[in-house]
């Protein structure tokens, strides 16, 4: 999914606020982090592999003076996990130096790449952002703003874009509004971010979401808006509500935690199960499980907790240790599960392997029955817009009956939330959401150009 | 508090299991980690600063062959945060090579140090374990077992000790049972650990706790037990139940999570508050808050969550960012708090600064009232047995009335759990617990020797 | 100056040989190192800041399979010291994926940049190589070879270029032959390198130098050559012979060490000094000093040695230590200097600070007289072709008389080698060398475009 | 061999000077480095694996305030390469806190270890220094000075020791003076160091060598001396003059470089060879080769140079690269060697592998004849005092005739220096030097206790 952040201020140093904003967006991508800051004369970039707190030591922030910035946290989807693919991109163009940070995937990137190559453009990364850079640079018009508008009109797919020059911050959101992008403000400083939780982290207020097909331009004159495209419909990614967004973020005026609790309540009504305890699958299903417990009257418990000290667990256990599986990271509390009929609430099932392990773990801890309640419809189709899901044949719900899935994961019963109920809980009609992953149809064309194009190029840089 | 682990096996490689055991005990100490493993001929040690997963790369484990081991995770209390103070200690003595891992603090360590210095012993660290090493080495008797027994009889304070030779694992627990130490088993392999969650992590079963004043000897012949001291009373650290132990651990036959839920229920009965929502203070109060919600009938919510991506947040924010305080790491969900009367459940209040910030944060997110319910009595006295608490004058409850504390933290009302109710919830009489931190009297003498002794020596090693 | 390396083989893995070649060229640049290797389907790049042995761990080489490669060691001149500026560059173009490694500086880079920007090209680095990439990509013709030829005809300045596609290695040397580039061979494998010492390191034989204005194309068919430009004159960098090249390299058929000894002999004849001992300035003047000693009959001694354990010496000494200056790294041997009349031979004097310190050190060690003999004419003009020299006003010989310089460095007498004698020692007429740094006139135009262009962009990446 | 350094000052910060001193002694040991500094109240230690410049970052030095210090660079001989074995040792004893840094090996260490274990002492390292610590701690007398004197009288073997308390620096040198130790002074500050080059590095003056069997005590009162033992003879390590010491050091009033040149002259007289050029084996034979060239009248050349960019060369070359052998690090200059009769001067031959490779390399570069002239007698016996030499059967000169050795290394002729001539060159009679490695007899008893004792214990610490 990736997370983007942008800032325009006349007085406040941008780097610390951008750091905090990216830190708050960390859940949207942990592969790499970066920011570009301009002091009006120089743009300086700092990027690295890993978490925001690992990439930005205090010294790095001190080396990024200036009041205008864009930042990025990357979640690898298209393009290999290399520093060369870390964002923001920074380049000198005919419009002067610009920097770009983008979330979401284009679905016509390769078509555009082929076209740009013919004009003499080259690609040093496999990011979609470099395609946008090429379109912007190709435009002869007088201003970056105009170049960005025309570039944006060429793009198909999902994108939320933060672009900057020395004295301007520009935000764009795809015509269907698949990707989220919000506007924040604090005094005379303006902000853009994938989620409003980034504004909370820096004491700024959420002004509103950027509209589908809207370009906002922020500079000394304040914020101006123009519509670069008129979407035929809105198609906001439903998975942001289900799983991806942070519970304290506000999207389309709704707090994600409250939406998820309502989803849980709907799930309880739709799938009434006779049981003793409701427990959330770690880590993201707590809100839905609370709603389920509330609506069902069945007690909520946290009898399955994650080891707080996560970290790369590389260990290759001996044969006798191998059977332990996920137990290193998950702690079932036997005394709270023994003899109980358990409802395990999860936000979704993708491959099903985690569900199977978790259910086995619960039974091993003494649970008498394990019923699986899923806070979304069956995940049956791949996402082309930025969520990193496996190919269709790895999706457990693809081409299998409910009972087949139930048996594969080892549950006593399995309950998915109906699409209808999901839309009601979110409070929008189906038409306003992208539900392609639930078989709802892709809201944009998917390009048919040679998909192996990005494989031409594989780069890696050693960390020194 | 620190965490200790020990293993004796005839066939299973000890290093991977010890790694997993220490990983499960990580919550007991994050400053350093280490293990010593013997293959019957050589003892090899590997220690480092940081988390278990940082200290032990796969290569390190591969370099530690053998079937007998002791391990340690350190939580700095006595002794500075240096690699020189990392445990286990490993030394050649007149009884051959031995290794020691200890949790808990001695209260007569300096008296013993002075005595040992006079015999020609020297101290290269400031750990209590080196004092035990000195006592063991001083003993002329024929066996390490006898030396350990006599050494243990000289010790005052809290200790759980795992000692090993090339072919023997020995566990000792202080006469009052202040520190926890449990016995586990899996096939022919035996284990010792500070908490039973370490056994779960490696698929072993909890056999029983080591008894106060007991020494268990594990070797080819199996497990033997002898009583090196008879405690006049039992005084298990009440704070293990309240805060320190992992919820899935079983202590004295009771699962910590269930004990904490019961504590929460008692708190609800004792402190009935008219409110709209119960929320736990992050991270450790979830169990008590669940119990409170259950007994009070007031809905439980997780409207105050921690940023999952913890990490050293070094950033020194600009003035305008500085006011944000804890908000970087804590995410209050305004929509779930706005206009609500909130009960904030925490396990204890030490300095009070965190409580004050959290309450301020809740109010900032729109909470109409914030009532603080604490799952333990006022924390008024320092701990001499291993919990790292500030000096008495920094304890907010020391010498202040309930109302003074309430005003300092900014709560609408403040409720502590009575000691009586706490004991009932745990299911033991007061006599069986160490409650010195609640003003309950120290169960052992506290030495009066020059407390600056360890300051003589301050060592540091550079990480290369 | 930078060092470049290229390899084409049908059977031999390229990465290890490229590693050894770059290792041998390390003296040409220590800022960054990198290589690109193709296995016919994928190009893989690995770059990093620091020495070859630091950037390429064994794992990195193992991850670079293939038989065609280009490599680079960078010596910062134009472009800031950032990983973004490390070479080789690798990009997808209309001619497919290519990689480029270049040494030397263009003198019309900014003019070309401005031109390329107008076509929609963008610059993500401040390297000259990206300019060449842009020219190549702009060319519509059918082949990379043709594109490179036409690009090369647009370039002014000094360049030695190694370019590659999946199945071809191409080398180009500037029309005046300012930069060195040689061809090597071992069995069926072909090599290109800045200096022949790289061929020795891999057991290959020096075939010949690439000719000024020549393009060599190496593929399955073997090596072909064409002349992309006909230089009006040859202007090989004289400083390669004086200082830069490794003594065991063969350039224009001459071994550098032997040339330098001859230079020393000429210097002795021209500047006959009555003295007791000849000592070389560390590290590069040994060859010249040997020649001087031989021709003068005055004994050679190494009474001034460098500490073998170089390394970043960051220490900020206390006031009383500060006066020690270079003495940490240089060891004068008082017993060998005391009362002696010393001839200090150095290859050149740039700022003069090192000479002043060294002479002071020799006097402090007891030298009675210190005469400075310099194996080149006064260095009076900046280099625009790749040697990183300070601005003209920092050159001690710029605008100062011989006696002024002598007094500034504190020598009893100062002797420069005449340009005539230098050319004779090298064995070419003045016309065949670039002697611009000695006031000999720049052999190419120097562009007048806005020199601040590269300052537009400043990038940095954190090493993770 | 290791290097030691000590400092006592009333005003000057010790850490920077100790850093510079250790940096100058780096050639004596590259495995680990460390120092202990006292500010009169606290001793602080900082140690690490690697070079002085790697272990001591600026921050580390800033954390070591105080005016009294001891430092150490370690060259692994006895005791494995672990941080646990890095020196100085720092410990609290009955005499208060002390720190110890030692060079040289004891030959009765294991006998003393066994004795100390029986008193209750333990060993946490495998260093000889911990044995000295045990003896000092065992002594009941009133002062550290007395304890050190009595401890020193128990020691057999080679040792130079720097010991310190909060307000005193003490130096001891073994009764035979096998190990070097010198006294330096600068204003009111006193220094001890293995070699006088450390004094040069900090602007101090060499006062004199510590005498065999002497203990010097430096404190507020200045320097006092007493003789703790009267050696029956002096036996200074001849290898210090031949190879180990830095050429600019002054030992016994003689500058090492001058001694080595004289050795070279004697070698030329003893082994007159008809040849064209004299070249030194890298890196240490330059002085001897200069002397040889001077006395023989045959020109000196540096036609075999080391790659300046040393570093761990881990690369496992492919089969075709493997034959290249040492050529990566050594650069023979063919033009200077072709057709020449070469005299290769080296300081000694140990295993002979390096000589064989070097000779092969010279022949490969075109040398017509290669004659090997060695500036010492055949190295035939292992060293028990600190030089890390292989076991006797790996010494090429052990049990082989001159001609056998010559054939093994592939030389046209082989010439060793006679012991007589060596002593004359050094200027002392044979009785004043330890020449055990040349079959001259060990000047001390070599203990017969179980040599496997240190194997009891093997420790390792991870660098975090």
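Think of it as A, B, C and D in the order they're written, each chain with its own count starting at 1.
Definition applied: a residue touches a chain if its C-beta (ideal position, glycine included) is under 8 Å from a C-beta of that chain, and two chains touch if they have at least 3 such contacts.
It should be emphasised that the depicted structure is a prediction, and the values quoted were computed from it without experimental measurement.
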*Other chains in touch with both chain B and chain D*: none
*Compared with chain A, which chain's mean CA position is the farthest off?*
D
_Chain centre separation (chain B, chain C; CA means) in Å_ = 60
_For chain C versus chain D, what separation do you get between their C-alpha means, in angstrom?_
37
*asked:* Taking the mean of the C-alpha atoms as each chain's centre, how many Å separate chain A from chain C?
replied: 48
*Return the residues of chain C touching two or more other chains; collapse runs of consecutive numbers into ranges.*
54, 57
*By the touch definition up top, name every chain pair that qualifies.*
A-B, A-C, B-D, C-D
_In the complex, chain B residues that touch chain D_ = 34, 42-50, 54-57, 60, 63, 83-84, 86, 89-94, 96-97, 113, 117-124, 133-134, 137-139, 455-464
*What part of chain C is in contact with chain D in the complex they form?*
12-13, 16-17, 19-20, 23-24, 26-27, 30, 51-54, 57-58, 61, 197, 200-203, 246-248, 250, 255, 257-258, 283, 286-287, 290, 294, 299-303, 305, 307-309, 311-318, 320-321, 323-324, 327-328, 331-336
